[in-house]
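These notes concern the structure reproduced below.
Letters are used for the chains, namely A, B and C, taken in the order the chains are written, and counting of residues starts over at 1 for each.
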Amino acid sequence: MNNRQELNPMVRPDRPVVELWLMFFANKAAVLGLVLWLLVVFTAVFGLTIYTGDPFEMVGAPMTPPGAEFLLGTDYLGRDVLTGIIHGASITLAIGFSATICTVIIGVVIGVLAGYYGRWVDNLLMRVTEFFQVLPPMLFVMVLISLFTPSIYLIVLAIAVVSWTGMARLTRAEFLKIKELEYVTAERAMGARNASIMAKVILPNALPPLIVAVALNVGTAILFEAALSFLGLGDPNAYSWGYMIGSSREYIWDSWWTITFPGFAIFLTVLGVSLIGDGLNDALNPKLREL
Amino acid sequence: MKQEPLLQVNGLCVEFSTKNGSVRVLNQLDLHLLPGEALGIVGESGCGKSMTALSIMRLVPTPPGEISNGQILLNGDDVLQLTESQMEDIRGNEISMIFQEPMTSLNPVFTIGSQVSENIRRHQSANTSQAKEKTIQMLEAVGIPAPELRIDQYPHELSGGMRQRVMIAMALSCQPSVLIADEPTTALDVTIQAQIFELLRKIQEEMATSVILITHDMSVIAEFADRVIVMYAGRKVEEGLVRDIIDNSCHPYTQGLINCVPVLKRDPGLKRVELNEIPGVVPNLAQLGPGCSFAPRCHKVVDRCYQEMPPEQQVGENHYASCWRVGDAA
Amino acid sequence: MKTILTGLNRTIYSLVLLLAVIVLNFILVHIAPGDAVTAMIGDMGGATPELIAKLRADYGLDRSLFTQLYTHIWKMMHGDLGTSFTHRVPVRDLILDHLPATILLVTTAFFLAIIIGTVLGIIAAQKPKSFVNHVVTVLSLSGFSAPIFWTGLMLLIAFAYLLPIFPAFGMSTPGFQGTTLEVMFDVLKHLVLPAVTLASVYIAVYSRLARASMLDVLGSDYIRTARSKGLSRRIVVYKHALKNGILPVVTMAGLQFSQLIAGAVVVETVYGWPGIGQLAFNAILRRDHPLLLGILFFSTLMVVIANLITDFSYRILDPRIK
C-alpha cells in the first residue's frame, strides 16, 4: 500500500486540495472570474424574486432608452431589457451546464475507451472523432434543428454532438500518457480490473487538464446557444440573451441598448468561465507550481 | 618571454535575480587564454563553467541573468563595452561555441547545409555558391562522409556524433581565434567521444585556434588541455598547467575531482575497482557563507575556512590555488 | 515518391470522410419525422393519396432504403445534389453561386487571424512584461468570450453608424458601376467588417497559442546556437524561431477550420454577406432540406480541402514529419 502511495501522484499527501485553492485565490483574474460567475448564478437563482416580471410582457413604450423608468430601456415591443437579462441568466446557465454535462459524458467515454484499449478500438473511435471534426458545427446543428422539432432538449443535445470531439481527444491523450506510467502497471500487476483501473487510477490523474477543458466548454456551450437563439433557431419559448439580440437586430440603429446589454451579459458570463478556467489551469499545472 | 593573452577575463561577476533575491553565479573570475592554447575549465554542474562560456559570448540569458562586473578583453578590447551589433560581428566569427546537446542544438526545420552556410554568409562576403562550397569543405574537414549529399539533410536524419561534427564545422567555418566547447561529448557514446576530441585536437593544430574546453571530467582535461582552471560555486579555486594540476594539485576539491576518475586497470589486491566520489552536494549559491564554499565538503577543513574566503596564492610557476591549507602537510 | 504516396493516402481518406458525410445526411433525413414529399405537400396545402403515392414513386421513396442510399450516393458523385424546394433550381447551382463570397470571407479572415495572431504572439513572447503582452492577454480573453454576432453588431454600430467608415450591408454597393479596380475596392470596403469580426475569435486563439509556442521555442538550444553564430535578433526570431513556433498555430488552424466556416454562417447573416451561410439561414427558415444538406456537404468539402492544404503546408514546414 505504501508503494502505491508513493507512485500514484493523486494519493501523494503533499498536493492537498487546499493548496490548489490558495493558488487559485492568489490569482486576481481567476477571482474576478469567480465573482462574475457568482453574480450570474445569483441573478439566475434570486433575480426574478427580487426584480419580478415576465420578460415577454410589454410594460412600457417601445424603444424607451435606458433611464430612470427602465434601467436598461425597453425593446421594440416595449419589453423591459433588464427583466429579459435577469430571466435569460437562468436559461443560459441551464443550457450551458446541461450541454457541458452531455459533452463531457460523450467525450470522456469515447476518449477513455480509445486511450485505454488502443489498437482497433482507438483507431475506430478516432476516425469517428475526425469525422465529427470536419462537420462545420453551426451548419450541422442547423440541419439537425431543421429536421427535428426545435426544443431545449434538442438544442442541448445538438451542442453536445458538435462539441465532444475536443474532450475526447484530450481524454484519450491523457489516458495514453498515464496508462504507461509505473503506478498503473503496478495496479495491473496486482490484478486490478480494467474498469477499476480506468475509473479509480487513471481518471483521477487525468482530471486536471479535463477540469480546465470543462470550464472552457461551459463558455463555448453558452456562446453556441446564444448564436443559435440569435439566428432564431433556439427554443421559441426560452427568453435567452441570444434571442433578445436576434429579435431586436433590425432595430439596431434605433435602440442600441437592446443589443448591447444582453450581449454584454453573454460576454461577462463567458469571460467569467474563461478566467476561472485559466486560474484552474495555472493552479493545476505542476510545471508552473515549481517556479 | 611572456606571451600576450588572446582573451583575458578580469573580475567577472554574473548575477541572476530570483524570487529570493539576487544570486551571484560567477564571482570575481579571472582567466586568460593564450594563442593556440587549449584551456580546460573543470568543475561539477552548477559551478559556473557554462556561465563563463556564455558570458564570453555575451549570451547570458538577460533577464534574469546579468553581467554585473568585470572585463572580457579580446585582443585587448573589452567586448562588454561593444554594442549588440558589434558583438554579433564577433560571435561565430572571432569567438564561436559548441554546445553540449547536439541533439537539440541544431534547428530541426532547416537543412544542415543552410545552417552551416548561414554562418559563413553572415561573416564573410561570400555568394551562395561560394558559401555552399565552403560548407562542403568544412563538413569534409570534420569527417562527415559524402558532404555534398549531407548538406540537404535535416538534423533528425543524422546521428548525435554526426550532428556534433556539424556543430563543429559550423563553429569553425569562419576560422575563429577562440573556440569554446561546452561539454561537447557529454551526450555522446564513449567511442564517439574519443573521435570528437581527436577531431578537435586536429583542427586546433591545423587552424591554430585557441580552445576553451568546459567539462566535468578530469580525464578529458588530462587528455586534451594544456592548462586548466578548476571552478567551484562560481569561483576559480585552482589554476595551473595540466601536469602540475594532475600530479601536484593543491586544492582538496581538485584532488577530489582527480580521485573521481576511475582507474580501469585492476589492482590484483582489490576485488573490484572502487569508484570514488566527493562527499556532499554542490552548495546552494543563494546560501553561501563568508568563508570557502567548499568547506562543508572538505576533508581538510579547519575553522578558518568557514570564516574567511581564502585568497589566491601562487604555489608554483603558473600554478595558483585558493585554499588556507596550501602548503600544510596533507 | 513517399510524399506522393502519403498525399494520395490523405486524399483517399478525405474522400472516405466525404462519403461518410453523404451517408450521414441520408440517415438523418430518414430518421427525421416526415420526408421530402410530406414537406412538399405541406407547402401545397394537402394532396390526394394517389398524388402522394405518385410523388413518392417519382422521388424514389417507395424503394428499399439501401437502393435509395445507393441512388443518393450515385447522384452526389455526379454532382446532383437535388433541387431546392424553395428556389426550384438545382441545389448545386445555388451553392456554386454563393460559394465564392464565402470563400473570400473565410480565407481573408483565416489569413488575417493567422498573421495578426502570430505577430502579436511573437511580440508578446519577446517581452513578457511589455504592453503588447497585456494586450494579447486581454484581447485573447475578450476575443474568446464575446459572441461573434455581438462583436459584429458592435462593430456595425461603431464603424457603420457612429463613425460611418464602412458599409453596413452586403458585398457591394447596389448599382455600383466602375472599373474592375473600383469594383474590387468596393468589395474590399464591404469585406473589412465581416472579415475582422470573423477573424477576431481566431486572432484571440492564435495570438495566445503563438505566444506560448514562441516562448517555448525562444528558450530552446538551437536558438542559442543561432545567436552564437552572430545572427541578429530579428533573423533569429523571424527565421529560426518563427518557422518552429508557427507549427502549433498551423495545426490548430487546420483543426479549427470547420469552426471558422460555422462562424462565417453567423457573420454572413449579421452583415448580409451573400455566401452559403446566408443561403443556409434562409434555407432553414423555409425548411429547405435538400439545400441545407447540400450546403452541409459543400462546407464539409471545403473543410476537407482546407485540411489537406494545412497538412501539406505542415509537411513543408516540418521536415521531421514523414
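Heads up, the rule we're going with is that a residue touches a chain if its C-beta (ideal position, glycine included) is under 8 Å from a C-beta of that chain, and two chains touch if they have at least 3 such contacts.
Note that this is a predicted model, so its numbers are computed, not measured.
Enquirer: Take each protein chain as a node, join two nodes whenever their chains touch, and name the resulting shape: line, ring, star, complete or other.
Expert: Shape = line; chains linked end to end, path left open.
Enquirer: Determine which of the two chain pairs, B-C or A-C, is joined by the larger number of C-beta pairs in contact.
Expert: Spelling it out, more C-beta pairs touch across A-C than across the other pair.
Enquirer: How big is the gap, in whole Å, between where the Cα atoms of chain B centre and where those of chain C centre?
Expert: 54
Enquirer: Suppose each chain is reduced to the average of its Cα coordinates; what separation in Å results between chain A and chain C?
Expert: So the centre of chain A lies 23 Å away from the centre of chain C.
Enquirer: For chain B, give me the residues that contact two or more of the other chains.
Expert: Nothing qualifies.
Enquirer: Taking the touch rule as given, give the residues of chain B at its contact with chain C in the complex, in rising order.
Expert: On the chain B side, the touching residues are 57, 59, 84-85, 87-93, 96-97, 99, 101, 104-111, 118-119, 122-123, 154, 156, 167, 170-171.
Enquirer: In their shared complex, at which residues does chain A touch chain C?
Expert: 130-131, 133-140, 142-149, 219, 223, 226-227, 230-233, 242, 245, 249, 252-253, 256, 259-260, 263, 266-268, 270-271, 274-275, 278
Enquirer: Which positions of chain C touch chain B when the two form their complex?
Expert: Listed in rising order, the residues are 220-222, 224-233, 240, 243-244, 317-320.
Enquirer: What residues on chain C touch chain A, complex-wise?
Expert: For this pair, the touching residues of chain C are 17, 20-21, 25, 28-29, 32-33, 141-142, 144-150, 153-154, 156-157, 161, 255, 258-259, 261-263, 265-266, 269-270, 280-281, 283-285, 287, 289, 292-293, 295-296, 299-300, 303-304, 307.
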